[in-house]
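Following this line, the structures themselves.
Across the two complexes that follow, chain A remains constant while its partner is chain B and subsequently chain C.
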Partner chain A sequence: MADTTPEALQGVVIVAPISTSWLELLARRSEAVVIPFGAFIVGMAIFSLFLLFLGKSPIDLVNLMVKGGFGNWFSIQNSLQRAAPLLLTALCVALPARLGLVVIGGEGAVVLGGVAAAAAAVPLLGAPYVVVIGAMAIAGMAAGGLWIGIVGALRHYRAVNETISSLLMAYIAIALMNHFVEGPLRDPASLNKPSTYPIGKDYMIGNIPGMDVHWGLVAGIVACIVSWVLIEKTAFGFAARIAGGNVRAAQIQGLAVGKLIVGFTALAGAFAGLAGMIEVGAVQGSANASLAAGYGYTGILVAFLARHNPLAIIPVAILLGGIDASGGLIQRRMDLPDATVLVLQGLLFIVILFSETLYGRFKLFNPDLWLRNRQ
Partner chain B sequence: MSINEGSDSSLKTLRSAEAPRKPGAIGLEAAGMTMRFGSFTALDNVSIKVPAGSFHALLGENGAGKSTLVKCIMGFYHPTAGQIVIGGHEVAIDSPRDASALGLGMVYQHFTLVPSLTGAENLVISREHVPGVIDWSVERKALAAFMETMPFKLPLDVPVRSLAAGEKQKLEIVKQLYLGRNFLVLDEPTSVLTPGEASEVLGLVRGMTQRGEITVLMISHKFHEVTAFADEITVLRRGKLAGSGRVKDLTTRDMAGMMIGDVPLAALDSRLAVAPDAKPILSVKALSAPDRSGLKTIRIADLNVRSGEIVGIAGISGNGQKEFVEVLAGQRKKTAGDIRVKAAPYAATRGETRENNVRFIPEEPLQNACAPKMTVAENLAFRTFDVGQGGKPATWIDGRSIKKYAAHLVGAFKVKTASLASPISALSGGNVQRAVLARELTGEVDLLICSNPCFGLDFSAVAEIRARIMKARNAGAAVLLLSEDLDELLELSDRILVMSDGVLVYETPIATANVMTIGEHMAGHH
Partner chain C sequence: MSDSIGLWGVPLAILGGAIRVSTPFIFVSLGETITERSGRINLGLEGTLVFGAMTGYATAVVTGSPWLGILAAACAGILFGLFHGWICKFPKVNDIAIGIALMQFGMGLAFFFGKPFIQPSAPHLPAIPFGWWSSVPQVQAALSVNVLFIIGALLAVALWWAFRNTRVGLIIRVVGDSADAARAMGLNPNTVRLFATAVGGALAAIGGAYLSLYYPGSWTEGISSGQGLMAVALVIFARWNPIGCFAAALLFGGAGALGPALQSVGVTQGYYLFYAAPYVLTLLIMVATASPSRQLAGAPGELSITK
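This part shows the complex of A and B:
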């Protein structure tokens, strides 16, 4: 067996060149940037047609979007703040996607993560800050991880379609949240908006120094980087990519596909649960129905636009956060209905799904068509 | 006797409505056929002459241009240059519809019948003009009269899925004749048939050509079929005409020479004797597992594969071979029984495969052994990515040593790839299989499990893969070879077993192996 390990090959004459030319690498990499970007432009163009039919100017829209999302320091901070949960909920889609699973129920992990975090914080109030925040994070991640981990386990051991089960589990999660915040965990003082007991000002997650953005943004960015390293640089991630690329090939190699699937889905759920915990700890101060604000669903769009690459999730989440942030301004200035941003997001999503069929069709991005075969 | 001489009047109406043309075989001549795709020339000035009533074989390796030529003739492609002459007149074939109007028909390698419909229904719906309401009593009568004129007897009233492979292939041919075609292109028509079925079908087709009813152009890989049934051959190599001639003037060696050119084929190592005290490496006892449909069970009572021997398992596709391999590979759960490798229980975990040096060469490697979108280098690293310095489990992926290792394997196994960073799906079938061989046969191999390892591959790839399997055997590996290709089993095996209906029903040492006996057991007579 010894001679199958790479280091045993040292001293062996290398027959084929191992380096990849920068041109080839550029061609291969740019496809995953150009196609989603092109799809984004096409989506905006179609949306512009809608606006023209309504007698509105698409140019105004773009101007307002840039202004509302990134026009000044205030709007940039607003966009970043909105991007923070999207980073984590997008990971809840992207990580299982690398294993070939389409999980769309991150919303469920968000709300349960929020409820679990609030429930963990209340009995600990009075303990040191770090203890309470730590307990909240662990509880939130455990709840989210359990929830999406169940989806993965159902998929592997009982062959239940993960897309359907995660969506249905999200509805169950929202019902559970309503039960807890209106029942066992309800603060009697919360009258018209049933909530858990507030965790109190002293235990709130603060802002990044010098910014009006809470630490959730940092947590999200760190989670994206960690996920990228996990997938691209570790043996565990490599095994997951094999299983995602072809489960039969992974089984023939003796890889424990079940553990990979449950592990990755649980980690994905944990990130979404963390998003819920941050929403409670940094924004709401308690768990309530506002947790189900659709971050889980927007995360799906972010992950697909980013081609399930955790590093690409960072700019895409900020872009979508910006569109979200400019929504209010667009509605007011252009006199458009509330659902405008949702329509735009839906359009973008459909165009992105269509663009999936374009991969491998352009000779420019496919060096195998213009490089000469070599032995 | 021709198909158009049926006495039934309704049949005559049907025929004339379809395509009014003369009965009997037609000759075809294609001259100077050239087909370019961008800068790539798939077919370069190829001429072929198929006289009326002849049985012509078109030979060539994968990618030699056989399908391109046939697709030009059938109107699927518009050739860049070249003329087609049918019955002395130059014709323009712009679409498959034109081809069928001229009486040209094609039978594909894989079945194109609708499995849930009966033979009669399949025939009727294949017509170009099917009436909105079908009068089945009239159609049945017409069909019965038509079948009278056929040399094949086929049950037309049962769903096609319950027909045997040979019957389905006959029905495919009957369908072409029913549609009034009198020049048939057969694309590897016997690849899914048993030896008995293959010679029966080809014999009947040959009879029809001899009676002048049809002309046949057959694409084939199998020399014994060509020598037994064809009159003439045309050989293509890399898009060019490599030779042609009458079969009786040529030896198999001549034909192989035309097909592969001057490239020497990998020769099999001579077979070392199996040591009498060779240890059993794989032993399977009282194994049972559900099959694909979940309705049947495969049962392997007792199977041992010893070090240094190749045990071949023959069987018609769908008799449980796939499921058996899946159990051994950890892709399917067994319901009972005992699998041992080197006397220790074996459940196909990564630790066990690695410790016992168990390797797999499955059929259709892209679907079964590769992650198609991952790169060539990554696919070659599947066995080794989690092994670090000194054989310890690795946490981090070392991209550079993965590439270095891949470069070494690509060179050593002559895998043709544009780059190590190409997705493995960009490689040709033979090169994907070479890459899988490189991965699986590097290092010590104690147990090698192969399933149709040469399915769909070209000549030189096949010779090389068989040579490598034999080499592994001679180096002491126990080899379990499941194959639907009897020639392959006879060439490589030390013992041959036959699997039928999920059970091993017959065993013979290679010295006493007889094709007809094996064929009978494959077909369920035991």
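This part shows the complex of A and C:
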């Protein structure tokens, strides 16, 4: 009898906190899911009002969006294909954001990554497949990493605002691409649409077996998982989160903030550069003006919707890829301009940012408040 | 005739180009100066500018008057500014991120409603021929100055004076330098910033209407090449001084006119690189003027971007 009492007591002590902490954990975690999801719904509702005002049916819109984005296997594959570059360009925003930086010039890294990949592939044509693809990936990531790494370095060592500098760098990158594509790297055979020499069918990145989606999707998902592990599970990521929370505290702790900033921005740029390389290797077959398709800008929205969490980027990118994929269908069936998707994205973006003000306002998500009431 | 002035055509073309290209920069940067002096930054001016370009053009097509177009653009700009000012007063809402979102939203709306106006042509804003004394067409072209440029120049001087000498100017500066000091004076910083952002939006939209109603003088989806964003950097370079903004805008205009001017005399090498000149110039200026160790001279104390 004497022995069982402590055990029974132990049991109580162990069981009780687990059950409440499980509930607590759910309450705390669900805030980060419920608020963005709610904001998404509110954004769609406002857009529905906008459509009603124009005399269009919001129900048609949602139907077409579901049908065009995820209605059948063909449209799902289309959405996944469009999500592939968004996964990588969203990381270009999310990684620096963990350090407190707002980098919005991922488009520049995409474009230069594509040009660098094409430039690396052309002299190597004839070499084994792995060598060419490897060289393209390295060149694309190096170009993108350098581009956004410069933004990070300017931020830390010269206190140049990273938001503006990254955007200026994007414009400069597009001018550089035009220069290379219409000048030194131009294939004289490309008449109407100036392009670099094609890398050729044999060197294109193929599709995932059994699907009509190229390997870029896998690359993007792997990059998101790697980024998540890096941020959440490594000392490097922990240091970055400290620096993102309070630079001075990080410096007092002796963290090399400069190296962290340059490292994270360079990695972010490398991912965007990889998106450009994949665009050349899997879709275009050469570098041309189609590289500047706006993936860098949609990536900003994806990252903010995912609250800069690399794992959350995966479903958000697929969702926005679906919205993007349904754009053509919406345009044709509802007789709306092609900018409809842009308006919707801008609206969702505003509502999501506005929802930031709601964090910590609801008792439901803060167990400290209701637990105390219960006791 | 073009042979008679030879290479003189380049500086002339740059001068004329600088006046033409700088006008939107003047308006956007003056607007942003007012907003930033009140302690807030509106990166969404790029979207406001594009929406202003569309509204101005559409109104001019419908009414036949470019001046009504300017007025309509200004009203649209006020709405965008009020929206930014209102949403930023909520806690934890980041003014820079909201600016990026409004940029995308403004451009999306402009393309959405502007689609039917890509084809029809609108009446242009008038220009004053200051080159009447010369018989050389290049001189006449370079000195044909649009009215908005002159208004912008006068506005720069007026704002410079107003910031120093008027009650409103002082209120904006106090709110921008210390919200606490403003509250102690009985001012509501959020209200002041709301109106400062609205005025900033109106000026940015007028800058956009200039693009569609004078130079290049048509409405297309690629009408803006980032003027709204470059203006934000330009304001920092000009140290939040309206007259400095005017001078910096002229410099940017000149850089923007470099490519076309060189092309007009037959320089074709590296043609696309000259298009990057304004962006490179902006970046270099930001690198040269920013410093990691001290705050910028003349920076409003409440501004998030220089902290």
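Assume the second predicted complex is superposed on the first by the 348 of 375 C-alpha atoms of A that agree within 3 Å, B and C clash if a C-alpha of one lies under 4 Å from a C-alpha of the other, contacts with A are read in each partner's own complex, and residues count from 1 in each chain.
Assume a residue touches a chain if its C-beta (ideal position, glycine included) is under 8 Å from a C-beta of that chain, and two chains touch if they have at least 3 such contacts.
Keep in mind the model is a prediction, meaning the values are calculated, not measured.
A.B. asks: What is the contact status of A:A239 with respect to chain B (first) and chain C (second): first, second, both, or neither?
C.D. replies: Only chain B is touched by A:A239; chain C is not.
A.B. asks: After the superposition on A, what does A:G183 contact: first (chain B), second (chain C), both or neither?
C.D. replies: The second partner, chain C, only.
A.B. asks: Just to be sure I read the superposition right, which of the two partners does A:I252 touch: chain B = first, chain C = second, or both, or neither?
C.D. replies: In the superposed model, A:I252 contacts chain B only, not chain C.
A.B. asks: Have a look at where A:W73 lands relative to chain B and chain C in the superposition and call it first, second, both or neither.
C.D. replies: A:W73 contacts neither chain B nor chain C.
A.B. asks: Could you say whether A:L25 touches chain B, chain C, both of them, or neither, answering first, second, both or neither?
C.D. replies: A:L25 contacts chain B only, not chain C.
A.B. asks: For A:P367, using the defined touch cut-off, is the partner it touches chain B, chain C, both, or neither? Pick first, second, both or neither.
C.D. replies: Once the two structures are laid over each other on A, A:P367 reaches chain B alone.
A.B. asks: Looking at the overlay, what does A:R158 touch: chain B (first), chain C (second), both, or neither?
C.D. replies: The second partner, chain C, only.
A.B. asks: Could you list, by residue number, the parts of chain A that touch chain B in their complex?
C.D. replies: The contact residues of chain A facing chain B are 1-7, 9, 12, 14-18, 20, 24-25, 28, 232-239, 241-242, 244-246, 248-256, 366-368, 371-375.
A.B. asks: Residue numbers of chain B touching chain A in their complex, please.
C.D. replies: Those in contact with chain A are residues 329-331, 348-354, 357, 360, 362, 367-374, 378, 381-387, 389, 391, 393-398, 401-408, 410-412, 414-423, 426, 442-444.
A.B. asks: Considering the complex alone, what residue numbers of chain A touch chain C?
C.D. replies: So the residues of chain A touching chain C come out as 102, 104, 154, 156-161, 163-165, 167-169, 171-172, 175-176, 178-179, 182-183, 297, 300-301, 304, 336-340, 342-347, 349-350, 353-354, 356-357, 359.
A.B. asks: Contact residues on chain C for chain A in the complex?
C.D. replies: For this pair, the touching residues of chain C are 43, 47, 87, 90-94, 96-98, 100-102, 104-112, 115, 225-226, 229-230, 232-233, 236, 270, 272-273, 275-276, 279-280, 282-283, 286-287, 290-292, 305-306.
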